[in-house]
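In the two complexes below, chain A is the common chain; its partner is chain B in one and chain C in the other.
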Partner chain A sequence: MPTNKVNIPNYRLLGKNYTTPDMVAKVTGKSKYAEDFRAEGMLFCKLLLSPLPHGRVKRIDASAALAMPGVKAILTADELPPPAPFITDDGVMIPADPRAERGLTNEPLYQGEPVLAVAAVDELTAAEAIEKIQIDWERLPFAVDPMVTLKPGGPNARTDGNVWVVPPPAPPKPGEKPAGPPLPQVQDFKWTDAEYAEFKQGKLPMSKPSMEWSYGDIEAGFKKADLVVDEAFVTPNTSHQCMETRTAMAYWQNGKVFVHCSTQSTAQTVPAIARWLSIDQTNVVVISEYTGGGFGSKVTSGISLTIPVLLSKKVNAPVMMRVSREEEHYIGRARPGFHGRMKAGFTKDGRLVALDMFVVTDGGPYGPQGDANSSGRIVSLCYTPENMRWRGVNVITNTPPRGAQSQPGGAQGVMIMEPVMNKAANKLGLDQVAIRRINAPAGKAGIGGAIKGKRDHVTSAFVQEALDKGAELFRWNERKSQVKKSGTKARGIGVAVSAYSAGSIGFDGLFVIKPDGKIYIQSGVGNLGTESMIDSHRVVAEVLGVPWEQCVVTWGNTAKHLPWTCPSGGSQTIHAMTRAAHATAMDAKQKLQEIAAMDLGGTPADYEVGGGRVFRKGGGAGLTFAQAAQRAIKLGGKYDGHEVPETVSRMTKASVTGLAGQGLLAAAKDKYKRDGITNSYVAGFAEVEVDLETGEYRIVDYVGVADVGTVIHPRAFGGQMFGRTSLGWGHALAQKWVYDQHYGAPLAKRFYNSKPPTILDVPVNNFKWAAVDIPDPETPVGARGIGEPPVGAGASAVLNALVDALGENIFRRAPVTLDIILTALETGKPGDDPLTAHI
Partner chain B sequence: MAVIRDVMPAFELFQPATTDDALALLAKYGSDAWVLAGGLDSFDWLKDRIKRPKVVVDMSQASGLRGIKEMNGGLEIGAMTTLTEVVRHPLVKEHFSLLAEGAELAASPQIRNQGTIGGNVSQDTRCWYYRSGWKCYRAGGNICFADTPTAINREHAILDADRCVAVNPSDSAPALIALDAQMVIRGPGGERVVNAQDYFVGPDINIMRMTVLKPNELLTAIRIPGTWGGAKFYFEKIRDRQVWDFPLVNIAAAMKVSGGKIEQIRMAVNGVAARPLRLTAVESAVIGKPADAATGEMAGKIAIQGAVALRFNAYKIPLMRNLVKRAIGGVQEAAWKS
Partner chain C sequence: MADMKNPEETTKTLSRRDLIKGVIAAGAVSSAGYLFRSSGVRAAQTQSAAGSVERLVTLNINGQQRPVDVMKQETLAMTLRYKLGLTGTKLGCDRSECGACTVLIDDVPHYSCSVLTHSVRGKKVVSIEGLASADGKLHPVQQGVVDEQGFQCAFCMSGFIMSAVGFLKVNPKPTRTELAHGISGNLCRCQDYDKILTALLKGAENMRRA
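What follows is the complex of A and B.
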């Protein structure tokens, strides 16, 4: 993989490659993941999974299991704390949701849902004990295909319905804080006979939605249109397939629970566990120094960790729950598949003037997921329709729970919209890059629907620049005219644009300059592989003008006094935590200047910070950081953390107290202004080569150009571009779920039959990435996240390239496997089933 | 009783150093015993707790079953030779590259380092219903779950189905058939040798086994005669991913061509039936014909006669037809270089 140069001027450290402190342990195998820990007297637990897609436990007979030597306890759903309301750190009350997922259940809603767990001296005993347990079941109706449950008379996945409906938030009562988000409700929703007839014709009915928004005047938009394209597309359900499953080990000491787990977000997992257990968050310690992948499936680890936690409490011994690959298939989350339909109106010159977007999401049994709404928001941003209506139905199915997966909803939205853009350009005789450029967001582009006539907008967008740079790197114009067919091969090129959220605000930073002159930075970011848990703190060294080697980062254990940190999901970290790091560095700078002024005379403004010193402007007297740290300890108060800043959050306050007295303590909350919602963008360019006799195809090469503001760490950035693009390619190539609908049973539960892409399926030597290198104007160092938009760009650029190679009448869903291509080439009709899910 | 698909149940493990010792153990324990070669197929069954042998006879210490030696102008390959050793062996590469190609397309490098040639030809089917522990014909039940109106059977059989529609997933098997290989089997009655094409059985013969190997027998070696050494070979495997994927269809052919005409030919495909199929009708139809695209077209059509599609696997019919065509007439490569 070429490591392209990123040119960010004027920074000493940002935009430069370096080796993160966790790297050696990772490449030498010394890094310890949750499964690698052992504790004195540790037991193992195994799970009993539901054999039914939907059923109710009538009776459990565990007597034979409990009588076995070595079996210590079983844990059932009856012993879990009931869902409880909780108050967020911002004081918002989240009501208890009786339909929320728990670690175990007496009414499994999908085959493979954990019903109970057995703790024993070893896994062999625990597994044998599981086999001795007898459960009497009541079978309940089920549906694994959203299309099946929407049919008139179709079965419902939940006893009270098949579709999620979220009521509008109640208006705040006078003088009171706004209430939390309303609880989602379940409704029984079926198509009309006319809609069902349309479905039987192979067309997704645009039925009554359960959610909708719009802006502009869609009817007027269609009147203006010279071309209307009406297309449906089906996207796959894809498991996250983290290399590390969600294994967890837990023990209790002095009323505190210590949890070794796999999480994307160290600090944020503490309140999540506290909420699941209904205990105070000061009694939760999370240890997760290394995480083997998350991609959205482990934002705050997984609720399944409550199983070893509660078993541990019950038996008063540490309990390890190792999660197998098949169990991970069930409880490890997946992207919800979409059935989408787009009616899009274009003017002759390619401007998208009206878009009517309709999606049905397959959300599994718990939810609803945010993917549906996000899909509309991202489409509204990427292609800037002048007038748009978005409508969706969030369907409940008896399939494993979904969760956010890299570019959740956005990837599906892009995958459904891109074929429409492609078709429109072909019909209008326009260049594929040009039509995307005409409709590209720029500046403070709008996003989502209008509320009282007003839409949200983004902080910045430079998508035209990304398209231009990509077209040049890919040699788009030159390759447009290349020969498309030779021998048994056809080739084609494709382009796609993509966007997603890329940053949050308002989190805390914390570090101590100690008398050894070093800066000890506390990172609450999870080590999920993106390196943002270190990269974001490079800002501290940049601002304070110290060599990076003078910084020591502590991460991965909340007993070590970590600050309140953003969740590492939606690629918000590099944005949120560079802001927090900047704010905290400014706090340190201020304190250094104040100490210097106290000791050396003058005012703080007379001093500047750099080279590990604070010194009088223009040269002269100063203090080293080591001296300043000693002075801070002597001064106490706010200088060494004995006085806790009011602005930081509860967790940070506790950590400040824990670290007080060790040196000059800097702690601050990011209170920088931001105008707009932070999003990042990618333009992807792909070439594919198809074998017309076998249907096999390869991605020949790929260029991805990102609009992500300032790139903080080019090598980590390139890793994200390649990794997340590969994740997207998987959606185009072969990765999917497979269900037998009659039995409601999953068939592709292992790596080898769910087929995520391997390194040999992707153009590892022909992958180029670049960034437009324009800093975001709404954040101190200009950085936005990159982990999301490569997905949709990767998937759709490949699918568009396939259309270029083979024509438009080949496929109507993804992944596009060779059987679909070969069947289409043989029959002259699309080679896929248009609407059936999970095939 | 509840089902759990994790944690290998306890068994008694034997690691005999010789074939004789292994056969004695098989005689003693009968149907309670399970023969373990590289373990890639076995460990799935054992860890899923579906196959529950009391005794496992691990052949890894039987050094006499490992290695490749010259024999009468051909080769004898010990059954415990790893796929990697087969792929890298100079004599295999020089004279029987067809086998090297097939073996190298199996699974992944890591699996080929551990998996054996004996295991690769003797492995069980990967039908996902059967591998999930469903009580189908092959598992002793009275239904084929892969052949129902709702079944997902994209990877299943188009030929020779008989109640069961599972396919054989081996990549080395068709190459061995095309090379006229012989399987050396030892049992309580001594040694017997069967032709590779007769080693495999379909559901019409035995719906619960993939090979003629009896529970008290061992495959000890595979002999490749010199017959096809240096012939014109063709191997192709079609799959969804470029590594760690079983064949949707694969094909192996060995041809002797003289003056542009096919003098002798062997051709076998896998992934289309419960056993790798030698295409004898194709072989006899193309003898004496030019080895070109037209003959290939004709051969392809003959090859798929009698093929019956299930709900999701109709594509295998043109795929098999095209692979047979390519095996004879070659692939018309693209003129561009990219």
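What follows is the complex of A and C.
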């Protein structure tokens, strides 16, 4: 929308719109996603999926299938390499996890889990072969609802228990490197009879937790409180539903495996595949130029890609595994649903002085997920409770595996806490924006629990500024007094605050200035279309003072010598890779100045870089980038990459060697200091209109204001603001899983069962975004990521607006469907079931 | 445009029900049309199985006559992607839920995952690859998307562009709301609807100027 602007001064390229170099391939259909590649003699494979939510394969009879003409091979779990330990680049040993997910299994833990695969000359033959395979099953107990397995005597999702427990890390032995994270363990955990009695009365029991942390003195906090709110809320399980499923094609040549897949990180998928296959990472080549959506579900692609990889090895031919939409529902990851309960103490003026937060997560069979812990950390940051205790139970269920989804855990935490903030403001007679402003994080605000009395803190936070700007753009004060009800329609407004981690550190940058004067930049980030993969490299052109048109970005194929870069996930990229780009540009600058001093006299400090040249300060003699590149090749050593920098990672070192001798080579690791953990923030404002006769409601308009430091590419930023907000709206409006509890069978497997918002479900003409435009002080160009925090703000602002329109006592879970509203309006009681999952 | 058909009418004449009826009439299993039978490899290596007999048909794709062997139950999306190498048409769901596979059939947008290939004989099919001119000049709608940095992951992009091009043939000057309705049969999981709509409207403006 034309109203949206960012205003960062003093940069030539940063903060300006431009067209990314992947656009023409996309609009002409020439961009190739995993399923668009073909290889000579390529076979197809199909999967046999478990019909049971939990069972064990006793016997497989594939004789009829293997006798079919055109069937080439079968792959079962017995042929997969066993889980193996591995050593990270930092030398940390990660032990083998016998409970970890594998590509295929003989003990499926959810309906739809892949059991075996068949490769054949074509897909139809492979599918027919699958139909001919007979399996004898042993049925095992199952649980698809976390509340069911926690009941006394309830069934367990795994044979050895139903709850994840992560032991504390072992203290490092003197003189030795710290051990890797301890392996998660499984426990059998049930409520006490008293807790079960509380559950039967419709309350989530605050039972013994499997994880907990705290800070301050929560009892003292509650003593100070004038108002205590005790509320529970249920958030939905939601599949990622990437438009591109995790289709993969693989072939082997000379002991190397070439994998065409869909990933959020080209670079980091290499060691992941090496680990899954127990092979050396120098034997893995990943090709992923375009990725059709990730949202956290394809951080290093998916372990399912090992199926075509191993079949390809077995039959010595390329194998394509097309993943159907229904299969993607099973193996494509989902956000874990939460049951949460908050006991919150407020003073009269609205300050949150004590918070007791308890969550139960529906974690699927493999894990544990980090969502539970993140939910507590994000709530502790967004609303800065003076004293807080967080407790959680990570429950194992026989439902598809979970994964990080945009704002993992943070979105759920915000959705559980926002109704509490809303209720407190109403009870205390305070303005909704004001109560969030009073409790907003500022500066180096604390995050998470205390370890030895000390809490982590963030790099910076300007949430009050975001709230103020949003209230102004939304005309909050004016609209507060508008008439709520008119005929059969009711209107309401809502505000919500959200935060999430927004940047990692320590990755590498790599580029070559070639004798044609152009800068050839290498990127190992996956290309999901957030464009941060390209945008972050604008910093190179900015620092070196060259037009962007002089830069060529190479991405998407690890055979093309890519550096070790972050995955495009968790909003890391714009922060991590602008830092790496800056460090690398500084390396190039230094080398250019040294070459100029060698050739033209004086010291490197006498020279500056700009306009595609390195020249004597104040004007005078200089070299063009083209000339300097030629000199670098002649000089060799560190100048053209024949001498490899020590600081960069293993993958970058190999890539430096691969590119050596082509020009002036710059490679550097981001070693910039950072005080605090990088987070970004969004304040969201929504108005909804409800039809009181049908229960239908629509989002009238929305304002999102982000505190993300320097905005690098406004249009791409706006796309994230709208897109991730809308992903959040899906949680409020309609999206959830539905299960047949008796058979453990999922019923919402396709788009039409749990549809992401369409263009008609969202206020596409009435959406405004803005940024507070205050650079983060702990990173060179001040940029933080934006992909996560809009989600929780989007969902909760809409839910709070619904409360404003209809009053409290309508719903206790999301999504709020029409039947919930109608039932509540008719009965005067909440129209939903407060505890059952998947209904 | 005198030769233009009413899109509503044409859509009604080729529904998913017709697709299924067409498959049943052809004596094949309905799900089989969604699977790929690579005739070249198969013919060389095995004898053909019942229900998979291919017949040579000639299709008009992107202005060219293309002879191609197709099964009776084969969908247009599979023919385009696997027999004709036109991989710009994407499969997002294979069941008329998402619109990623949208192509124009006689100027009207259709989900090619739910159209039987043999049913488009004698019709003009245009896929995303057929929009730009031979010299590489982008179609005005493609240019609008480039100009406005529309879409994110772009897996849905070709379907959206084909829907928009089809819609603009009947309504060359839509409002934002009208165009939103015109492309509402397409799903974008990046939910980039704001930027998509801005870009496609720019495309409409480009078309009017062209």
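Here, the second predicted complex is superposed on the first by the 836 of 839 C-alpha atoms of A that agree within 3 Å, B and C clash if a C-alpha of one lies under 4 Å from a C-alpha of the other, contacts with A are read in each partner's own complex, and residues count from 1 in each chain.
In the analysis below, contacts are C-beta pairs under 8 Å (C-beta built on N, C-alpha and C of every residue); 3 or more make two chains touch, one makes a residue touch a chain.
Not measured: the values here are computed from a predicted model.
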item	value
Chain B versus chain C as contact partner of A:Leu124, first or second or both or neither	both
Partner chain(s) touched by A:Arg59 [first = chain B, second = chain C, both, neither]	neither
First (chain B), second (chain C), both or neither touched by A:Gly41	second
First, second, both or neither for A:Leu760, with chain B first and chain C second	both
First (chain B), second (chain C), both or neither touched by A:Lys452	neither
Partner chain in contact with A:Tyr752 - chain B first, chain C second, else both or neither	both
Contacts of A:Ser31 with chain B and chain C, given as first, second, both or neither	second
First, second, both or neither for A:Gly70, with chain B first and chain C second	second
Which of chain B and chain C A:Cys242 touches, first, second, both or neither	second
Common ground on chain A, meaning residues reached by chain C in one complex and by chain B in the other	123-124, 127-128, 324, 751-752, 755, 757-760
Residues on chain C engaged by chain A in the complex (per definition of touch)	31-32, 34-38, 41-42, 45-47, 49, 52, 81, 85-95, 97-98, 100, 127-129, 131-132, 138, 142, 145-149, 151-158, 161, 176-177, 180-181, 183-184, 186-198
Residue ranges of chain B in contact with chain A within the complex	1-10, 49, 108, 126, 128-129, 132, 145, 148-152, 154, 238, 240-246, 248, 312-316, 318-319, 322-323, 325-326, 331-336, 338
Touching residues (chain side chain A, partner chain C) in the complex	1, 17, 19-20, 23-24, 26-33, 35-36, 38, 41-44, 69-70, 121-125, 127-128, 241-244, 290-295, 322, 324-325, 528-531, 715-716, 718-719, 722-727, 750-752, 755-760, 762, 764-765, 767
In the complex, chain A residues that touch chain B	46-49, 51, 123-124, 126-128, 130-135, 324, 326-327, 482-483, 486-489, 491, 687, 689, 693-696, 700-701, 733-734, 738-743, 745, 747-749, 751-753, 755, 757-761, 817-820, 822-823, 826, 831, 839
